[in-house]
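Once you scroll down, you'll see the structures, which are given as structure tokens.
Across the two complexes that follow, subunit A remains constant while its partner is subunit B and subsequently subunit C.
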Partner chain A sequence: MKLTLKIWRQKGPEAPGKFVSYPVDNVNPEMSMLECLDVLNESLIERGEEPVAFEHDCREGICGSCGFMISGIAHGPQAATTVCQLTMRHFKDGDELVLEPWRSRPFPFVKDLVVDRRAFDRIVQAGGYISVSTGNAPDGNAIPVGKEEADRAMDAAACIGCGACVAACPNGSAALFTGAKIAHLGILPQGQPERDRRAVRMVAQMNAEGFGSCTNIGECTGVCPKEIPLEVIARMNRDYLRGIWKERHQLVTTIAPVTDWDLVTK
Partner chain B sequence: MSATAVTVQENRAPNFWQSTNGKKAVMAVTGVVLFLFVLGHMLGNLQIYDGAARLNAYGRFLKNTGELLWIVRFVLLTCVGLHILASVQLWARNRRARPVGYSHKKSVNSSYADRTMYWSGPIVLAFIIFHLLEFTAGVIHPESRFIDGDVYHNVVAGFRVWWVSAWYIFSMILLGFHLRHGLWSMFQSVGLNHPRHTPVLQRAAFWIALLITLGYISIPVSVLAGWVR
Partner chain C sequence: MKLDARIPSGPIEQAWDNARFEMKLVNPANKRRHHLLVIGSGLAGASAAATLGELGYNVTCFCFQDSPRRAHSIAAQGGINAAKNYQNDGDSVYRLFYDTVKGGDFRAREANVYRLAQNSLSIIDQAVAQGVPFAREYGGALTNRSFGGAQVSRTFYARGQTGQQLLLGAYQALERQVDAGTVTMIPRTEMLDLIVIDGRARGIVARNLITGKLSVHLAEAVILATGGYGNVYYLSTNAKGSNATAIWRAHKRGALFANPCYTQIHPTCIPVSGDYQSKLTLMSESLRNDGRIWVPMNKGDKRTPNEISEEERDYYLERRYPSFGNLVPRDVASRNAKAVCDEGRGVGETGLGVYLDFADAIARLGEHTIRERYGNLFDMYQRITDENPYKVPMRIYPAIHYTMGGLWVDYQLQSTIPGLFVLGEANFSDHGANRLGASALMQGLSDGYFIIPYTVGNYLASSKLGKVSESHPDAQAALSCVRTGIDKLLAIRGRRTVDSFHRELGKIVWDDCGMSRNAQGLRTAIEKIRALREEYWQNVTVPGSGDDLNQSLEKAGRVADFFELGELMCIDALERNESCGGHFREEYQTPDGEAQRDDEHFSYVAAWGYTGPGKPPELTQEPLEFAYVHPSQRSYK
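What follows is the complex of A and B.
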């Protein structure tokens, strides 16, 4: 099949960017979106042009590296699918696909379809962990976890941190990501001792990064490749409201969002 | 890479009001108060169908509550102020969060009411100001004389002007949209979500918003149709 890929090309954060249309004639319907870009890049390299930069790693939908907008929808039109798992048979012969990077101030632009998502790392750093004593590994099943709790925690833990929620949100909010991280530990017994602190610190970092506010409209969960439910956002709000009162004696700090991409170009 | 890129600089965390979550919680709580007012006001207005004596007596009763009236007005104004302040600040912040927009953007999961909160809100505010000037202060009262205390006359004479009614109906439809999203969103903002209750709440929000809108709209429609004269 033949497709036209209209791709955002931009050499770097300070360079001017524009859309460039590339006709791709030999698209196999069984290819993934990323394999389609591989094919395009092969031909670009052969012609001596700069290949399209995009992030990828596992190519089986679980690492969270890949992701860009396809004709206005994060990760493309197929629900619960990352771009690496999106096969070209979902498009029609002759379609024009518009590929654009995530657009968000807390995700500084790097190149073509690549943005810097370390804001997410800093949110997790702020409290997305449980503290355990070192020493011998604890016995398995020493802390019983109910099946339903385990399922709900697992649903939240399915978040791969790809950033599609931020990209799809008209407000550029990271509520679904932060909510998923707060919920997946906060539901489990192991997460209880640090539950209040975790919510306060992670929410603080999320706000310090400059993400927008959640207006509960659900665009994020609609594009989420792991179908994280909107419920995690309510959980974040609940734990935050409880935490900010119970932890009011604590001085909470956030890490200043530093991106060396800015420095590289200067 | 310079040293500044790896040195962690710590800042004081945003406090409750500085955080987006805190502002949304304030919007939710003030939203509850404003919803209760909208509901009560509609039920009061519907007394127009019981005749002029009943409605005017109700108006006198409200005016004669003395200090209580000012306490209620103060609470309502505070809620309106906080609701607007938070939403304006969040709107500005959300604009900053995406300095470069998309060339293509499709909505996949949200409703029209969800996406137009930043439109329905300011328009309803403009309406409220007009509404207070017309029916409380009596400053704007086109094509008839405002009679202080004769609520029934003021309403009927006011709504006989077609554009007053049209503006009222339009604003009430937007209020309905605003409530349709706000009524369930406020629960989410203060952290209440339940796999069984939330879908019920979302349906209830639709029906409550519809009933409130119809309740309000019925009055100008009845005046224009000549059922209330």
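What follows is the complex of A and C.
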């Protein structure tokens, strides 16, 4: 089949950007969205043009590298599917697809369809872990965890950190991502000692990064490739309120957001 | 060159304890003055960086993705082994050790494997404490499954996302150290050369993939955890970015490369569907616990699977290997799939596929149970193929999955360059000529959490390391070598894309150094690779410049290294006149078509040294001794 890909092209954050339309013939319904971009890129390179930059690695829907808007929907029309697993059979001959990067202030623009999602790492740095140094652990079976709890923790832990939730949210909130980690660790018995501090610090960092606040619109869970449920946000809010009270005498620190890429030469 | 593997003396059960006791320790107050570089943030790198940070070292960790959480380890599905014997089914450290040595077809170092089996116990404890949501029984205990040819249930798993959950555990531990200020994480940065000063690894040259800037990083030791080289084959189950550049460039600086021809073909992947295909998708081999593998009895049978009656089906693994059946090790399962397809009995449009059928399991256990066990895998299959595996058997075919070869390391995980340590899939240790399922995650974490923190300390405490500066001629030479390489690639402006070369290289290596090999094919492959490499340096085109995000340039450098490594794989395969594990030489097989080892002549690790561009590599052998597990012909009949 034949498609038209209308793609956002912009060489860098300072350069001007615009949509460019590319006809792509010979689209095989079995190929993935990213393979379709590969085919386009091969032809661009052969013509001596720069290929479209996009993020990808595993191409199995698990690393969270890939992601862009397809005609206004984060990761495209197929529910619970990242663009690397989205096959072209979901489109019709002659369709025009509009591809744009995630647009959200805490995700600074890099190139074409690539943005900078390091803000997510800093939210995790702020407390998205259980503080147990190597060698400190008791026997695995010393901490029983009921099957249901383990399953619920796993549901939340499935987040791949792709950022679609932020891109889809009219407020640019990262509540689904942050809530997923708070829920994963907060459900488990191992996560209890740091539960309050974790929620307080992670939420503070989320705010410091400039993500918007959650007003329960629910777009996030609709586009989430791992179908992280909205409950995680409710849980985050509960843990945060409890934490803010219990930790009221503690100073909450946040990490300064870094947006430039001159890391290695600093 | 004589290789000293530094295997501790004494009984194997006490070897690691003794080795640790003999190691020198770094004074706790001095640790933060020691700067260490960890390249890679997969299971091996993240666990190493986090643990070294906890100990108080000053660590800088690099990865090429935008976040350390995206390392290829994230994609591991099936599980991680540990000799916990929670199922009370007769497992033990010794049995895991025994199975791994045997599964590796007696081409691994016994002492390393024993230590791996010992460490497996602590890995599970550590992961549970970090909050890894392993599967549980209703009563709250950890549950296990049997996996990839094991006759005990020792595999721990988190749905079909075990690698993801273990990596997130290690990543979170790493981010905790970033917050604590002990680890500096530098993402989107690729190591392009190793800096060796006075015979010791003292740093790296790296390229910032966003700004294109090159920089020198100096340290007291360099730890490579950059993963495997399966992408030499172009089509593999590895992530697209997985590459050999870091280990290959270290090899060119003097680190020996061991057993490059030992590559693993995974039997259960979704077959190739067209030439646009960019990678292959693995279907976890846990599926073989309940699925039955078959092809039609008759050649060229094009009927749909449901039209083919029981009598007209050949359940070839069950027929040939009555005691292991569908659970034979990976190399055996893969080779048999190739054999039936070569006979013309393969299924699907290309004829390169066999059925993996769940009808019996669904009839026996009900669809609900099958969904519980494999739901996400079935969904993934359906998403990709548009077929419903609850109704129609899956189609699978083998694909390149893992590389057992890698940089040579001694018992302390140090390469032949002092101060250069290699962890995880990037090294050659532990799996011999064939890796058992669920053992790579175990090895990566054993190396990172429980071995390197001791052995790197021993190195630091027992070496006199002077200060070095960026202006050192060797550092500057490495920097300009990298710059020249990049400029050269950008200047060619030929007519073919990097990917088109990579595909062609992959096909050569797959055809002649893949599932089965022979001397004639390997010789022609070497010629073809050389000719193609020649063309590459004349005719490749890399658009754009070196000073911004340029994904074609990144690929171009990696493919240049794959050419050289691909050739070495063929040379190694040609030199090893025997069949063992994943290395199947057609000339060396038993009358019934099984791999025929030659222990008298080939019971050694083949460690190759780089001697210069266009010069033949130099082989050094590390003889293998088996004091505990007596080498025997593997039999899964």
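We adopt the following convention: the second predicted complex is superposed on the first by the 255 of 266 C-alpha atoms of A that agree within 3 Å, B and C clash if a C-alpha of one lies under 4 Å from a C-alpha of the other, contacts with A are read in each partner's own complex, and residues count from 1 in each chain.
Operating definition for what follows: a contact is a pair of C-beta atoms (placed from the backbone, for glycine too) under 8 Å apart; a residue touches a chain by one contact, two chains touch by 3 or more.
Quick caveat, the model's predicted, so the values are computed rather than measured.
Visitor: What is the contact status of A:E49 with respect to subunit B (first) and subunit C (second): first, second, both, or neither?
Guide: second
Visitor: Name the contact category of A:I255: first (subunit B only), second (subunit C only), both, or neither.
Guide: Touch partners of A:I255: subunit B and subunit C.
Visitor: Pick one for A:R238: touches subunit B only (first), subunit C only (second), both, or neither.
Guide: In the superposed model, A:R238 contacts subunit B only, not subunit C.
Visitor: Contact-wise, after the overlay, does A:G191 reach subunit B, subunit C, both or neither (first, second, both, neither)?
Guide: The answer is second: A:G191 touches subunit C but not subunit B.
Visitor: May I ask you to decide whether A:M69 touches subunit B, subunit C, both, or neither, giving the answer as first, second, both or neither?
Guide: first
Visitor: Would you sort A:N171 into first (subunit B), second (subunit C), both or neither based on which partner it touches?
Guide: In the superposition, A:N171 contacts subunit B only.
Visitor: Between subunit C and subunit B, which one touches more residues of subunit A when both complexes sit on the common chain A?
Guide: Tallying touched residues of subunit A, the top partner is C.
Visitor: Quick check on the superposed pair: does A:A137 touch subunit B, subunit C, both, or neither? Answer first, second, both or neither.
Guide: second
Visitor: Is A:F19 contacted by the first partner subunit B, the second partner subunit C, both or neither?
Guide: In the superposed model, A:F19 contacts subunit B only, not subunit C.
Visitor: Considering only the contact definition stated at the top, list the common interface residues of subunit A for subunit B and subunit C.
Guide: 255, 263-264
Visitor: Considering only the defined contacts, which subunit B positions touch subunit A in the complex?
Guide: Touching subunit A: residues 1-2, 4-6, 8-14, 16, 18-25, 90, 93-94, 96-111, 114-115, 117, 181, 184-185, 187-193, 195, 198 of subunit B.
Visitor: Would you pull the subunit C residues touching subunit A in the complex into a rising list?
Guide: Per the stated touch rule, the residues are 47, 50-51, 54, 65-70, 72, 74-75, 84, 86, 122, 124-131, 133-142, 158-159, 161, 164-165, 168, 171-173, 175-176, 178-179, 185-189, 206, 208, 210-211, 213, 215, 217, 239-241, 273-274, 276-279, 281-282, 380, 383-384, 386, 449-450, 453, 495, 497, 499-500, 541, 543-544, 548-549, 551-552.
Visitor: Quick one: in the complex, what on subunit A touches subunit B?
Guide: Touching subunit B from subunit A are residues 19, 69, 71-73, 98, 100, 103-106, 109, 168, 170-173, 200-201, 203-205, 207-208, 210-219, 221-223, 230-231, 233-242, 244, 251-256, 258-260, 263-264.
Visitor: Quick one: in the complex, what on subunit A touches subunit C?
Guide: Spelled out, the residues of subunit A in touch with subunit C are 11-12, 28, 30-32, 34-35, 38-39, 42, 44-46, 48-51, 53, 55-65, 78, 81, 85, 87, 89, 110-111, 114, 116-118, 120-121, 124-126, 128-141, 143-147, 150-151, 153-154, 157-158, 160-161, 184-185, 188, 190-191, 255, 261-265.
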